[in-house]
C-alpha cells in the first residue's frame, strides 16, 4: 500500500494499481476537504444563516 | 554475486512419483504429518476438512470383477511453475496479501501462515485441492504437544496451509552448508529430501532438483511414461508421475473422446 | 463561552472529534492494529514447540512382530519423529504407517499413567489410582491364595505375539508357579510353524526368502497389507526387479493384489484346493524336482508301513484334484490353473506362501500343508529363494527349576485350551477355544485368574460376545497393558507396562524373515508415567511369592535377565541394536529332517495315529463349514486387511486413522465392500445405510460399491470398532470379531475361519 | 433539541407505534444474524459448512450479488451526473441508499468470511497488486467511501440536522462537488465490478470459470461490469416498487421508471449478446483446449444445462426484450416481471460463477462437490436484508428520499 | 452527574440565546483540547502502558564473563555441528564453572542456590526472541555474511547488568524487536540492539544482497 511496505516494488503494476488507488483517494479527500473548508468559510461569511439550495 | 544468483535461480525442486511402485500404504502421509506438525481431530473421516499435505487417492479402471485394477496416486502440492514458467502459479497470483509466494531460488511455492488472513481464494484457484484450510483450532491431546517439531511452526485456525516440499529441511541443509562453508556448492541429493520421499518404503517418490543433472529426478522426468496432473490447464506442476498404464494416465488429465494422452504435446 | 445543557453535546462532540483526529496521529491505532494481528499469530492456545539440539537414537519398532529398525529423532530431550533405520537388515529404512506414527502411542491420551484398581462394575471405567506396591501385592496375594488352594493351574496368562524373551520369562514364572496355561492368540505363523514341524520335524517358524525368489505365488497373503515385517515387504516390492513375478490369489482386489503382476480371483476358502490342483498338474506333467522328491521326501508315492499296511501317498491324493474339479471348486478357469502351474514349476526359484491378509488368522492346517507341499515339490526347502526354517533361539541355560508338589501337579493338569492334549497334540496354543470352553463349563470357570500381557483378547478374539461372556466368569483379571484397551478397561487391576519406546524388548525373529535377525529395542526415553516393565513386575512377584519360585528368578530385574539370556549377543545388541545371523544351511544340513522318516514328509507321520485314516493325515481339501444356513444368510462376509490400519491388539494411531479413506470409514460407521452387481440385486446404493447380520451378531454399516470384489461377498476391514481407548481411537466403525466366530480346524484346533455367512439389508 | 420536526415537511408517515412494531420485527431478524456473526467470529469458520472444496460459498455469492445489485447506484449516478439524464435525479437518492446498503453489507460479509478478521487489513497493507481480490477490496472500500459521501448530504437534509448552519452549508457544498464524487464512483465501480468478474475469470486452474483475456483482464471482467450496470437499475426499480407497495403510495413518476427501464433494457440486451458470445467461445474453444466438453460442466443433477438456459434466455433475453419495447415497459406486469427476471438473472450468474466453479470436478476420479450452508451462514446472509430494510425504513421516514413524493401525494 | 445537571439548569436561565448555541471558538477550543490530549496520551502514556517491565531472573554480567572466557561470545553462544545455533546456553554449560559459587556476588549465590543446585533451567527472558514462524539462520549471517554479534545485538558483551525486559502485553514479544522508539523513526543509538521486525530484515537484505529475499527464506 505504501512504498515503505514490505511487498512494494517500483514496477509498473504497482505504480499503475497504487497510482489509481491514491488518485481515487486523493480526489475523495480533496473533495471532502473542499466541502468542509468551504462550509466553514461560508458559515462565517453568512453569519450562521442557513442557505437555500436546490 | 550475479553468477551465484543465476545459479540459484536455476534450481527447481521437484518430484517424480512412480505410480507403478505405489502400494497405497500411506507412509508418505504419516511421515508428512509427523514431520510437519499436521493436526488431527477425533474424527477425520470428512476428507474435505481433513488437513493432508499429501493425500493418496485411489483410482480404478472402472472395469467389473475380475478385470478391475486400482492404482494409488499420492498427491502433494504440485508446486506449479505457472503459465510460461513465470512462477504465477494458480494460487500465488491470486493471494491478495502475498501470503503465498513463488521462491525463485528453489521453485517452491511458499505459504506463510502468519500472513494469511484466510480468504481462501488460493483454494478456489488450486485445481489439485492441495490447499487445506484450518477450519478448527488445532488441538493436541494429552502429551501429544511434546511430539511437535520445532522446525515447522504449528498453524492457527483460520489460515490456509499446504505442502512446502519440507522447505524447513532445505533451510536446515543450507544452514549446515554455511556452517561447513560450502554454501556456494549445490546441495547434494541426500542433503535435502522431503519427509514423504524419505518415508516412502517402496521408493515410489523421488525428490530432487529437476535442473540438476546429478539428481535422479532430472532423468526420470524425461521418461516416456512421465506425465503431470491436469497439465492441460497450463499450471506446469513440478510433480511428475510415471506409469505404464494408459488408463491411469488418462485419469490424470481431461481428454476429449478422440484425444490420446501423450499425443497432445504439439498442440499446446 | 458558557457550557450549558444545550451546547454540552456539541462541545463534547468537538472534543471527541479532536481526540479522534489526534489519535490518528499517534501510534495508538496503528500499533494496536499491528499488535492485534501479531497476537492472532501467536495465540496462546497455539503451541510453540520448544527447540533443542537435534539427535537421533536407534531402536527397534515393537508395535508389531516385524521388528523394523528405527531412529527416533529428538529435539532436546523430546522424541519428535520416528524414521526408518537404513542399516537395519529387516526394513533397510522402510517403515509402515504404524511405525511412523509410533510417537502417538507414546504421548497419546490412551496411556495408562499409573497402576489402577477397579472401582465400580467391570468395564464401567471407574478406577482408583494405586501404588505399584499395592498393585503388585494385590496380584501376588491372589496368586498365593490360589496356590494355597492347590489350584495353580487355574491361573492363565495371555501374552502378545511379539515374541522375545518376555513370554519365556512369564512361562518360567507359570511353570514354577504350577500352571501350564501360557497362551497367545495363534496366527498364520503358528500354522506355518506347525506345518514345518509336521513336514520337517523342526521347531521353528517358516521364513520365506522372498528377496531371492523369482516367482512368488501368494495364496491370499497380504504381502503389502501388513503381512510379516511390513517395512521389509514394502521395501522388497519397491526394489523388485522386472524378472520377478508376483501372483496374488484372493477373492478381493486388495492393495497387495493391486500391486501384484497378476491378480487371480478365487472362491474364498478354496486356496488349499488350488494348491493341490497346481500340484496335480506339476506332478502329472513331471515338472517337479525329481531329485529332491525321490531322495529327500517321504510319502510322495504310495507306501507300506512296517506292519505291511498299504498307505496312500501324496501323489495318489492329487488324483482327485484334476483341473476340472479344482476349477469347479475355486472358480478359476482350467486353462489358467494349468498355465499357473507351469509357470510356477518353470521358474527357477518359485515360492508359495499362504496365510490370509496380515496373517493374523491361522487358517486350516491342510491348506498350509498343501501350500508347503508346492515348495517341497520344487525342492525349494532351505535354499535360496525358498522356504527356510528359523529355529527357535536357544537361550543360555537359566538356573534349574526346583518345583514343589503343587507346581508339579499343576503342570501335569491339562491345559485349559486343550492344546498339546490328545485331540490336538501338535498345537501349542489354542486361545480361540478358551471362551467356548469357559462358557460350557458348568460351575465356575477353569480360569480363576487371568494375566494379560501385550494382548487384548477382548478385542482380537473372534466372537466378541462369547469372549465377553467368558471373561465375565473369570473372577480375577489383571492387565499389564500400557494402554486403556478393551481388556484393560475390563480388568480388575491394571499394572501398566512401559510403552515400546520406554522399554527393553528383544525381537529374536522378525515375522516371515528368511534368516535370524535378533534385534533389541532399547528405552530411548525415561518412562513418562508411573509405569513398570512387565518383566520387572513378574520378577518382583516371583520374589514376593518366595521360596523356590524366588530362587528361579535370581535376577534383580528384567534388564539383568535379558543380559543373562542374550549372553554373547547382549553387548553387540546394546551397541548396535541388531545381530544378524545368516546361516546358509550347509549342503548336508539342508536335507536334515527330524521327522520319523528323517525326510521331508508329504505324509506327516506325526499326524498319524490310532484310528487315523490316510485321508486324515494327507492334506486333503475339505470345504470349511461356515456358520449359518446358506438360504437365510445368502452372502459371505470376509475380513480384509489394510496396512493403514492396525488389526491386532493395538488400535490404529490417530494418524493411521487419518489416512483411512472415507470409503472405509465415515464418521462412526464402517463401510463394507460389495460388488455393484450384488448390490443391485439387494437394492443397495453407494454410501447407503445397511444392516449386516451374521449368525454371531449384527451391525449397522454403510455400503461401498467396489468392482474389485467377487460377487456374493462382503468385505469388512479388520481393525475398526474399538470400544475402549480415547475418543481419537474409539467408536470408529465395527469390530469384525463381533460378527465372526472361530471355526475349529479339526486337524489342529486352530481357528480356520476365513469368513462367515451373512445377510445385508437396506435400511 | 426537541420541538424541531424529525420527519420532512410536507409528507405523511405512519404512526410511531406502527413504525416501532415494524422496526422491532426486522430488528429481531437482524439480532439473529448478528448472533450468528458473533458465533462465527468467536468460534471460527467451522460454524459454516464450507470445506476445502467449497472455499467460496454462500457468502461470496451474496457478496457478488449485492454488489451487482448495488450497481444501480453507480450507473444511475453516471447517467444523472455525467450523461446528464436529469430525470433520474428523482431516483438517485434511493439508488444511493440501495448502493450504500449493498456495499456496507458486502464489506460486513467479507469481515466474517475471512478466517482471521483481525488480519483483514493485510489486504490493504500487504497488497498483492496482481490479485483480483486486492483490486476488489481497494475499489470496494473506496467506492463505499464515495457512497457514504453521497449519502451524507441526504442525511443532512433531515429537518433537524438541516437547522445547523455548518451542516447546512456542508450539504450545499457537497452537492456542489457531487459530480466529481460520482465520476470517481463510476471509475471505481467499473474496476471493482470488473475485478469481481476477474476473481473467477483468472482462475486458470478452474476451466469452468476461466476466460480468455483482453490485455490483463478476462472477459468476465467486462461482463460483470456490464451486467451490474444493466441489472443494478432493475434492482433499484424493484426497490422503489416494493417501497411503494409497502407505503401504499406512488413515490416516483412512471416516466422516470420507464426511462431507467429502457436504459436498463438496452444494457441487458447488449450484455446478454456479449455473454452469449463469451459462452460460445468458452464452450467451443477454451474448454475443449483443456479437455472438457460443455456438457462435462453440466453433468450433475443440480448443475444441469437448464441453468445456462435460464440464465441466458429466461433471465437475459426475455427481460431485455421486454424492457426495450415500449409496450413491455408500459405494461406494469411485464415491466415488473422483466425487472425481477433481470435481478434473478444477475444473481444466478453470480451463483454459477461462485458455487458451480467450486462444484465442478476436475479429475475424472472426483465426484461433483456438494455443499449445504449451515444456519449460521443463512442467518448472516439474511442479516444484510434486515439491515437494509432498517436503513431504507429510517431513510424513507426521516429523509426526503423521493423528491416527487410531495407532488404525487399532496397533503390536504 | 447530578451536580452538573443542576449547574446547567441554573445557567440556562441567565444566558442569552446566542450563548445557548455552541460558539465557533468554543467548538474549536474543545476540538483542540481533544486533539492535544489524545496526542499526549498516544505518544507518552500509551507506550508506557503497552509494555510490562520484567526483571531477568539473575542480573547477569556479560563484561565479567567475557573477561574470563577464552573464546569471546562463542564460549557460551556457539554453533552445533549441524549448523544450528544454540542461543542461550542451558544450565549444563553454566555448571561447567558454577558448580558452586565462585565469588561472593549475591547474584551468583542466588543463581547457584535457585537453579544450579536443584537443576532448574534459568527462565531467561530473550530480548531477541522471534515469533515461532520465523526461521533465522545464525550460520548464514555469521559464517556466510561474516557479521559480528554486535552488529545486531548491540554492545551487549560489555554490559555489567541485565536490562529491564519490556514485554508487549498484547503480543508477548520483547520491545527490542519493535525497536525502542515507538514511532520506529530515526536510528537506534550506537551500541543499542537493532530492531528486528521483518521490515528491518528486508531493508538490510536489500542493501546487502540486492533482494529482500523470498518468504520462505526466513519463514517456517
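Letters A, B, C, D and E name the chains as they come in the text, with residue numbers starting at 1 for each one.
We take it that contacts are C-beta pairs under 8 Å (C-beta built on N, C-alpha and C of every residue); 3 or more make two chains touch, one makes a residue touch a chain.
The structure displayed is predicted, hence computed values, not measured ones.
Taken together, chain C and chain D share the touching chains B. Shared contact partners of chain B and chain E are C.
Interface comparison, C-E versus B-C: the higher number of contacting C-beta pairs is recorded for B-C. Among the chains, the centre nearest to the mean of all shown protein C-alpha atoms is found for B. Chain D and chain E have Cα centroids lying 48 Å from one another. The mean-CA centres of chain A and chain D are about 26 angstrom from one another, to the nearest whole unit. Averaged C-alpha coordinates put the centre of chain B at 40 Å from the centre of chain D. Chain A and chain C have centres, each the mean of its CA atoms, that are 75 Å apart.
Under the contact definition stated at the top, the residues of chain D that touch 2 or more other chains are 116, 119, 122, 126-128, 130, 134. Residues of chain C in contact with two or more other chains: 6, 36, 39-41, 48-49. Within chain B, contacts with two or more other chains are made by residues 46, 60, 98, 113-115, 137, 153-154, 156, 158.
Every pair of chains meeting the contact definition is listed here: A-D, A-E, B-C, B-D, B-E, C-D, C-E. Across the complex, chain E is touched by residues 1-8, 10-12, 14-23, 25-28, 31-32, 35-36, 38-39, 41-42, 48-49, 53-54 of chain C. Only residues 40-41, 43, 45-52, 75, 78-84, 91, 93-97, 100-101, 103-104, 106-109, 111, 224, 230-231, 234-235, 237-239, 253, 255-256, 258-259, 263-265, 528, 643-644, 654-663, 665-668, 675-677, 707-711, 726-728 of chain C touch chain B when the two sit together in their complex.
Within the complex, the chain D residues that touch chain A are 124-130, 134-135, 138-139, 142, 145-146, 149, 162-163, 165-166, 168-177, 180-181, 184, 187-188, 191. On the side of chain A, the complex with chain D involves touching residues 1-2, 5-7, 13-14, 17-18, 20-21, 24-25, 27-28, 31-32, 34-36, 38-40, 42-43, 46, 48-51, 53-54.
The touching residues of chain B, counted against chain C in their complex, run 21, 23-27, 29-31, 33-35, 37, 40, 42-47, 50, 52, 56, 58, 60, 62-66, 68-72, 113-114, 137-138, 140-150, 153-156, 158, 198-204.
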